[in-house]
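Just so it is clear, A, B, C and D label the chains in written order, and each chain counts residues from 1 on its own.
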Amino acid sequence: VNRPVRVAVVGLGYWGPNLARALEEVDNVHVTWLCDMRREVVDRVGRRHPSAARTTQVDDVLDDDGLDAVVVATPISTHYPIALAALSAGKHTFVEKPLTTSSAQAVALARLAAEQALVLMPGHTFLYSPPVRSVKRLIDEGHLGDIYFVSTSRVNLGIHQADVSVAWDLGPHDFSILRYWLGENPTWVTALTRSCVLPHVPDVAFVNAKFPSGTIAHVELSWLAPSKLRRTTIVGSRQMVVYDDTSNEPVRIFDSGVSLPDFGSYGEHRLSYRTGDIISPRIPHDEPLVVEFADFVAAIREGRKPVSHIDLGIDVVRVVEAVERSLDDLGARTTVEADIEVEAA
Amino acid sequence: VNRPVRVAVVGLGYWGPNLARALEEVDNVHVTWLCDMRREVVDRVGRRHPSAARTTQVDDVLDDDGLDAVVVATPISTHYPIALAALSAGKHTFVEKPLTTSSAQAVALARLAAEQALVLMPGHTFLYSPPVRSVKRLIDEGHLGDIYFVSTSRVNLGIHQADVSVAWDLGPHDFSILRYWLGENPTWVTALTRSCVLPHVPDVAFVNAKFPSGTIAHVELSWLAPSKLRRTTIVGSRQMVVYDDTSNEPVRIFDSGVSLPDFGSYGEHRLSYRTGDIISPRIPHDEPLVVEFADFVAAIREGRKPVSHIDLGIDVVRVVEAVERSLDDLGARTTVEADIEVEAA
Amino acid sequence: VNRPVRVAVVGLGYWGPNLARALEEVDNVHVTWLCDMRREVVDRVGRRHPSAARTTQVDDVLDDDGLDAVVVATPISTHYPIALAALSAGKHTFVEKPLTTSSAQAVALARLAAEQALVLMPGHTFLYSPPVRSVKRLIDEGHLGDIYFVSTSRVNLGIHQADVSVAWDLGPHDFSILRYWLGENPTWVTALTRSCVLPHVPDVAFVNAKFPSGTIAHVELSWLAPSKLRRTTIVGSRQMVVYDDTSNEPVRIFDSGVSLPDFGSYGEHRLSYRTGDIISPRIPHDEPLVVEFADFVAAIREGRKPVSHIDLGIDVVRVVEAVERSLDDLGARTTVEADIEVEAA
Amino acid sequence: VNRPVRVAVVGLGYWGPNLARALEEVDNVHVTWLCDMRREVVDRVGRRHPSAARTTQVDDVLDDDGLDAVVVATPISTHYPIALAALSAGKHTFVEKPLTTSSAQAVALARLAAEQALVLMPGHTFLYSPPVRSVKRLIDEGHLGDIYFVSTSRVNLGIHQADVSVAWDLGPHDFSILRYWLGENPTWVTALTRSCVLPHVPDVAFVNAKFPSGTIAHVELSWLAPSKLRRTTIVGSRQMVVYDDTSNEPVRIFDSGVSLPDFGSYGEHRLSYRTGDIISPRIPHDEPLVVEFADFVAAIREGRKPVSHIDLGIDVVRVVEAVERSLDDLGARTTVEADIEVEAA
């Protein structure tokens, strides 16, 4: 019989309570523990989850033999030790993005999970958002042709993080989406940032990235902007797409392009430009967090590889690391680390 | 008495006829020569300028002792020899952007012009567009505060140039505007491009630029895009501006920002976010080309330094050169050449 | 001392639970009763208000001598009998819009309330929305000059009411806003509607209205539309305003207009057109429902006339009545009933 | 052999020169006369048409036996006498919209043309605009289903006509488009207008119209508006369309609607709402005026009924007449005159 998957949520700051709520909406999941260092926070959130036990000690959680999985939503710097403890205690582990603050830590966690046959899943929620999946399908089905380039902006006014750059805060969204859509990680990046408001806390970043297939990308990230923008343009050899997460029409497909006839190219190129229909496909309204946790549960129950899988999570950390190294080297071209895959195919 | 300034237009392709028409709209200017290698082109354009002499030979133009000035609108690769000949013949010279294909050539022309006390003016028409001037005024009057960063996109579908990259074609617009607004040229750039459609003709470019004052900029240029975009965001410490050249409201001022109180910053930063009114100031409808030629004529008559001045024109060529060198070096950080100023203050 | 105002919420369908929640956010208000005919509904909503008593009988509520006020959010057809009972029981009464289904009923309630010195307040929540108040202030301070005309659209796809026309459902929003902004009710209306989907349930209405001051208005209401539109244009002799409730910039002020010079109008009118700045003033984010209930409480405590006052509520019912009569008479011009005011000035 | 159709343009004010230019772009058409009361206007426009004869006397034009057709672009009040003279002289006649200032005159002209087997064509240019034709095709092919209603706004700031209301000036555009799309004229209208700036010159009009098939329409016309709007919503039982003449995507098709299941409608209506893809079809860029004149020439050469045919032109005049009568009667419902058709089927 199918007993519920028992999950603990560790870290109940800004994002954790959302995770607890979303977990409750997944079939056959039970939030059995709520944990945060701050007693009053645990108690406040706990009121909405009367059947969950409450604690300020992670050890209480990990000592529970009946617990199946831990969801980690603590500050980034604590992801590694908590996930390490959770995996060591034999728990499936979901870690909010970014997985860790270094790829070495991320690889170590992945190896531990693989040895123990546990699920270790990074929380790249955007991979479960309906418009992002819709674009993935368009790419996979060949509608866009070869992906020439991607240009993306993720900017708005606030909220400055005090201890982490905009690249670590917002970058994982775009780097995970690019990794998901393109099925590859950049070979190298260059990055230019500035710490406009707080010293030593970059709050705007311009990142250029080159991919093995030839695709190039620009990623603009900022906590300083006149208005919210979540806009990505994908230009393919056959069609183009604009994905705008703030729009009522989040995906727009432009049947436009240029073609180079084979014949007659004696120095003179006669290109043919095509501008066709524009389609805004209907996009369903599924909540990404709920779909994401359903995928986590399916990974636990059926051994299925989740869409937000560990190799992708490691790759995202590697891109942010390269961005940070580029910055230290004043914007120089910086190779993104590529490693042997941790999981078997 | 004020006799008309007599001007020849050399090069009557796509852009030249516009220049001839605009020149006629400037007070006390007379288009006395039209010149193009193609006889039928000269004749066709000549019909609209019945009092202008027509020729297919530049020498006919330069031999005319009564001629005051030459406007050069030929293909980019011919700018240098034609401008050299015009200056050598003692004519004031206006050269369409970009001034030359190398900064060495640009400097040589500038020196020649200075020696002969002739006006040499690059045609950076956007510096005369009302919204660009309106933003310049906002910056100069301190409304924006320190300029943290600028992010700009200049993209649309077509028209591919066969012999020149998108950086040489579209880049001078943005590099001249940035030079004008900020009063400085980048220290270094990194560039990432791709030749998507034609081999060896980059049709998309992502350029990052770092300025001496600390301002950073991203410039996106492309002949491949789902829709036309001419959008620039300027984020300052006091206010922010969006300049959109395709909009009915080309300049929008956002009275928004973040401030860092001096007190109480013991590790914990309590930033204060401000979101205020948004203003779309009325922008006049003056035609940039006509204002530009009026400035050229004033430079000739009164010795006034034009807004689109020669140092700025040289600096723009230097930025494009650095972009091209960065590309040859696979996107590496590349220093923008800085030289002693050619003109006296 | 200031003991809490004790309020009952009667009717817990779609809107009632919102009212209960908003009431709890007003200072010194206590929701003491929740009432709905459906036991399971009362219990479900009651869980969020543990200190409120629950009942399926209105009489239980009205028999409570400690109760100060009743908030009525039942189906429209029951507004009159419930409000009548509540006032008869000596309770201050807030009734969701529209107040009643006939102006005779509305006047009867108003008289009863006046006799008993009780507050009777119709729930025209839009009068408390920050953009609507911002426009009111612009009008009152004379920035717009004389109001020439108002044109407004309130359309989207769904939700069809089965027992009431779109005029009764959506019309009170616009008619109350117009009454509030202009300080007057229409003299007459003409209306054209159609029952597109359900027989005898008009789901689109075009209403024209003429006001005593000369202002004219068009109100478009529809449950059938390709996309949501909440857009009102107010054209005054000095400035114009667009109020768009779905926009991030809900109020936009256009400093544009036409003026007729006094001189030289010999048959030939030389009008002078002015197009100036456009301003999107910052609009605060106060929740209208909470502000509305604070106004209700102030009316109870201090005898202050609320913004959404009873005369306005009666006038709104009169406009919808006239619209319905116009429809019965195939779109003929129909006088809006005007009566002696119920309340003293 | 196919000798050119010889055409005279009478009236060279604001619009006439455009007509002359467009005529020259139609195959096998020759502009042989230019005529305007003002000598200097004829001479100025004549410079662009060197092979056309010039005159200030209409009689000179009509006396030319070699002339085939007259295009009338004079002030509205002179349309009737000039068209009457042209038809009497045996010339095919094209009259700018509106055809005449009364339907009696329009019918008289139509009868005269029919008797003489001459083409009489009103210049409803919008019927030749690609987006309007695209919508017509969608309707005719049944994609929209039954047309429930149409709502349209045609407003901007300026230009006030001194001698004619906004209904006569802008109304014919919308009334001709509705007549074309729906294939029927309204049964009755109600109108509400105001003369805001000039006395006795209505500059804003709200027109409601009821059609024989049940379709209803609202038409908003104004010379006073904060910004230009040319927006029409067509709601059908199957799909909905927004036609926005100022947009880069002038036609947008919304695959959205409501359906009423046959079963189970015992008082409780369970409607099913559908929101599907949105498509912006590619719209060609043909110039409406040129296509219109090609249709005029085809009508002359081949006896083909033009899209902008005389019955439609008469119907448009009838609608404006009814609008004016409604205004005289303070907005009362006013029957639109319907007559026996002038032309045979």
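In this text, contacts are C-beta pairs under 8 Å (C-beta built on N, C-alpha and C of every residue); 3 or more make two chains touch, one makes a residue touch a chain.
This is a predicted model, so every value here is computed, not measured.
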{"item": "Pair exhibiting more inter-chain C-beta contacts, B-C or A-B", "value": "A-B"}
{"item": "Remotest chain, subunit C as reference, centres from CA atoms", "value": "B"}
{"item": "Computed distance of Cα centres, subunit C from subunit A, in Å", "value": "45"}
{"item": "Gap in Å, rounded to a whole number, between the CA centres of subunit B and subunit A", "value": "40"}
{"item": "Distance between chain centroids, defined by C-alpha means - subunit B, subunit C (Å)", "value": "55"}
{"item": "Subunit C, residues touching no fewer than two other chains", "value": "227, 275, 278"}
{"item": "Partner subunit C, residues of subunit D touching it in the complex", "value": "148-149, 151, 153, 157-158, 160, 162, 188, 190, 192-194, 196-198, 204, 206, 208-210, 214, 216, 218, 220, 222-227, 233, 235, 237, 240-242, 252, 254, 256-260, 267-269, 271, 273, 275, 278, 330-333"}
{"item": "Of subunit D, residues touching subunit A in the complex", "value": "249, 255, 275-282"}
